[in-house]
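Naming follows writing order (A, B and C), and every chain is counted from residue 1.
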Amino acid sequence: MDFAVVVLVEILYAIASLVLISAGLAVVFGMMKVINLAHGEFMMLGGYVTITAVNSGVNIFIAMLIIAPLVVGLIGLIVERLVIRHLYGRLVDTMLATWGLSLFFIGIATMIFGNTTTGISSPIPGFSIGAYQVNGYNFFIIVVSILLILGVLFVLKSTRLGLIARGAMQRSDMAAALGYSSDRIYMMTFFVGSALSGLAGAVLAPLVGLVPTSGGAFIAKAFITVVAGGPSLVAGLLASSGLFGIVGQVFSFSVSPVMGDVAMLIAAVILLRLLPQGITGRFFKGKL
Amino acid sequence: MTQSWQKELIQTLIVALMLMYLLPFAINTFTLSILLIYGMLGLSLGLIWGFGGILCFGQAAFFGLGAYAYAIAAVNIGESTIPLLFAILVPAMFAMLLGAMMFYGRLADVYLGVITLVVTLILFKFINSTAGPAYVIGKARLGGYNGIPGFQTLNVPGSPDDYIWGDAFYYVCFVALVVVYLLVTWLLRSSFGRVAMGIRENDQRMSLMGYDTRARKTILFAIGAAIAGFAGGLFANWAEIVTPGLFSLGQSAEIIIWCIVGGLGTRLGPILGAAGLAYLKFLLGQQSLIDNTLITGLILVLFVLFLPKGIVPAVANLWAASFGRRPKNSRRNVRRARGGLNG
Amino acid sequence: MAEVVLETQNLTMRFGGVVASDNVNFKLNARELRCLIGPNGAGKSTFFKCVTGLLTPSDGQVFMRGDDVTGWAPHQIASLGVGIKTQVPSVMDGLSAFENIWLSARRFLNVTEANHKTDEVVSRLSLNNIANAELGRLAHGERQRVELGIVLAGDPWLVLLDEPAAGMTAEDVEQMTQIIHEMLNTTAVVIVEHDMQFIRSIASTVTVFHQGAVLMEDHVDRVMADPTVRNVYLGKNA
C-alpha cells in the first residue's frame, strides 16, 4: 500500500516535471511555430541565476520564482531581437540557429562558472510514507506545475492578451490583419516562453547538480513532449506529459531509470509514427 | 555526358594526388587522418541533406554504430577487413529499417528531426548503460561509458600482423575519401541521383510521375548511413577506442554545422566544412581564452543569418561572376535544398 | 473499340460528417475527352484526388483499364501510364525545364530514349528557349506548360488535368487547346475546369458535379442550356 502511494507520487512528479520542462518550449512552438533548441540552455541559465542569487543572500523562493524567470526572459528577448526575428517562417533555419545559440550559451556558462558541478540544497525537507522516504520537494514541483497550467489557461481564456494569442495561434496573418503587430506578439511570446524555461530550470535546480551542459538532458524530453502533444497548447502538453510520465516511471520502477528514459523515447517514436500530427492532431481537437 | 564525367574524374584524381602529397608538409598525418575521416562524415550528411532533402539530426548515430560495429567485430574476429565491412553494413541496415519506418509513415520536416534525434539519444543512453558484464557480444564487452579499447586495428587484408598505421593510415584514409567522393559523384550523375534531387524539390510531383519516393528516400538514407558508418570504422582505427560520446547530440550538431558552413547542395562543401572546422577546433583547443563550444555556436548562428548557402557556393558564385560565366547555383536553389523541409 | 479506361463505382468520400463525393458513377472510354465542371465545393477536386490516389475513398471503387486500383498509392497509379497534373503548378522549381521533363520520361524509358523523348516534348511544346532555365524563375504560364510537358513525357493513355488553364494568357490557352487535341490521338483526357470559355472550345461531353454528386452528363451545349445547371452556377437553389 505504501509502495503504491510512493509510486503514485513518483508518477505525478514525473508528469509534473515534464509539464514544467516543456511549457516554455510549448508556448514558443504553439504560438510561433519555432522550435527553440536553446530551450535546455535557457533552463540551465535559470538554474545558474538561482544559485548565484541564493549564494548572494536572496531568499531561495524569490530567486526561483521571480528573479530567474525575469533574467532568462530578458535574455530570451535579446535573442529574439538579434536572431530569431530574422528567421520567422523558416522552421529548419530557426532550429539550426537556436542549436547554435545553445552551444553558445554552454560556452558562456563554462567560461563564467567553470566546468564543475554546482548546486543548492532543497529548501523543503523530506518525510516518510510508511517505510519509504519521500522527497518533499517533489510536492513543490507538482504544485508549481499545476499552478503553471492554471495560469496559462487563465491567461489564454480570460485576458485580452490571451485572446490575441489564441488568434495568432490559429492564423498569424489574420491577427496581423486585425491590426495586432505580429512582431510585438512574437516578441512577447518569446519573452514568456523564455521566462517559463528559466522558471523550470530554477525550480529544478535544487534537484540536480548543475553543469553548463545540463540543458541537453532536458531538451530532448521537452522536444518530444511538445511535438507529440500536437497543435493544442495545454491539452497537448497535459496529454503527452501524462503518457510519457507514466511510461517512463513504469519502466524506471520495473527495470531501471535508464530504461525508463529509453522507454519514453521509444514511446515517442512509436507515437509519432502512428499520429504524425501529435496527440491533439487527432484527439481533443479545438481544445486550448 | 560520359565525356564530362571522364574529365571530372581525371581532374579530381589529379587534384587529390597533389593534395595527398602536399598536405603532410603543412599538417602532421595523424591530424590529417581525422580531418579526412570527418570530411567523409560531412559528405555523408551532405549527400542526404543537400541532395535528398532529408535533414537527419542523428547522423552521429550511424557514425557511432559504424565505429562500434567495427570494434565489436574486430575483437571477435581478430583482423580488420571483415569488421570494416560490418562498419558499413550495420549502419546501412539500421538506417534502412529506420528510414522505412519514417518515410513509409510519411513523416517529414520537424518530425523527421525529432525521430532521428530521439533515436540517437536512445542509442547514446543504451550504450552508456552497458557497463555491466552482462552486456557482451561474442568476446567483446560493450563497457558502458568506458567504451571498448584494445581491438585489432587496421591491417593489410589477409595478414593480421601487418598493421597499417601512421603515414600509411593517412594514405588509406585519403584514398578512401577520394573513392567515396567519386562514388557519390557517380551516384548523383546517375538516374537515381537525379531522381533524388527531383524528390528533394517536390516529393508529391515525383510520386505523381510514378516514382516510389518512399523507397528511394529510404535507399538514399541508407547510403548516407553506410558512408557515415565507414567513416566511423576508420575513426575507430584512428582513435583505437570507441566510446558512447560518438553518439552524442553534440557530435550530430557538429556534422550539421560542417554542412551549413561548407555549403549544402555541393559535394565539396561538407568535406571542406568538416575538415576546416575540425582543424579550427583543434587549433582553438590549444588556447584557453575563449571556450570552444562558444565559438562553434557563434559560427552556426552567424552562418544561418548571414551566409545560409555556405562558403563553397558563395566562392563558386564569386568565381563565376568574376570570370564572366553565369552562376549556376543560385541562392534560391540552395534555400530550397534545405527548405524542402521548411514547413 | 470503346475500351473503358477509367470507371468509378459508387465512389464516396466523407470527411467527418461532410460528404464531399457522393456515390459517383463515372465512365470514360479510351481517347475520350471529358470535362468536369461544377461550382466551388461541388466535389470535383475530391473526385480527382480519389482517382489519383491522393485520397483513399471511404466507399466504392476505382477501375483503370479493368484493374481495381482503389486505395493504390499515387505512384502506383502513375506507373500504370496515367499522367496527372494537379491544381497548383507542381514542378521541381530548383531544376531546369529540361530536367523536369527528363525525370518524367526516365520513369518509363532508358537514359538515351529519355533524352530523345525530352527533346521531342520540349520542341513540341516550344519550350526550347527556356529549356535550361531554372524553373522557379519562369512565369506562371511557362511553368504550367512545363508541367504539361511532364505529363506528355510519360506517354500516358489516361491524362487527368486539374484546372490546366488557370492563370494562363489567352495565347497560352489557345496553344494548350491545340496540345490537348493532339493528345487525344493516343490518350483519354479528363479536365477539371472552371473556365467555360475554355471548355466550350475543347469539349464535347461534360459532367456536372453538384454537392458531391453527378448532376448531369451531356454535350457541352445542352449542359449550358440546361436551366438546372444555370441555377447551380448562378447560386439559385436548384
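In the analysis below, a contact is a pair of C-beta atoms (placed from the backbone, for glycine too) under 8 Å apart; a residue touches a chain by one contact, two chains touch by 3 or more.
Computed from a prediction, not measured in an experiment: that's the story for all the values here.
S.K.: Of all chains present, which has the mean Cα position farthest from that of subunit A?
M.R.: Measuring from the centre of subunit A, the most distant chain centre belongs to C.
S.K.: Counting C-beta pairs in contact, pick out the pair of chains that comes out on top.
M.R.: More C-beta pairs are in contact between A-B than between any other chains.
S.K.: Using Cα averages as centroids, what's the distance between subunit A and subunit B in whole Å?
M.R.: 32
S.K.: Express in whole angstrom the distance between the two chain centres, defined as the mean CA positions of subunit B and subunit C.
M.R.: Each chain reduced to its C-alpha mean, subunit B and subunit C end up 42 Å apart.
S.K.: Could you state the distance in Å from the CA-based centre of subunit A to that of subunit C?
M.R.: Going by mean C-alpha positions, subunit A sits 49 Å from subunit C.
S.K.: How about subunit B: which of its residues touch subunit A in the complex?
M.R.: 55, 101-102, 105-107, 109-111, 113-115, 117-119, 121-122, 125-126, 128-129, 249-250, 253, 256-257, 260, 290-301, 304-305, 308, 338-339, 341-343
S.K.: List the residues on subunit C that touch subunit B in their complex, please.
M.R.: Residues of subunit C touching subunit B: 52, 54, 73-76, 78-79, 84, 86, 90-95, 99-100, 102-104, 106-108, 111, 134, 136-137, 150, 154.
S.K.: Help me check something: in the complex, which residues belonging to subunit B touch subunit C?
M.R.: Spelled out, the residues of subunit B in touch with subunit C are 191, 194-195, 197-198, 200-202, 204-213, 330, 332-333, 336-337.
S.K.: Within their complex, state which residues of subunit A touch subunit B.
M.R.: 33, 35, 83, 86-87, 89-93, 95-97, 99-108, 110-111, 216, 220, 223-224, 227, 256, 258-259, 261-262, 265-266, 268-269, 272-273, 276
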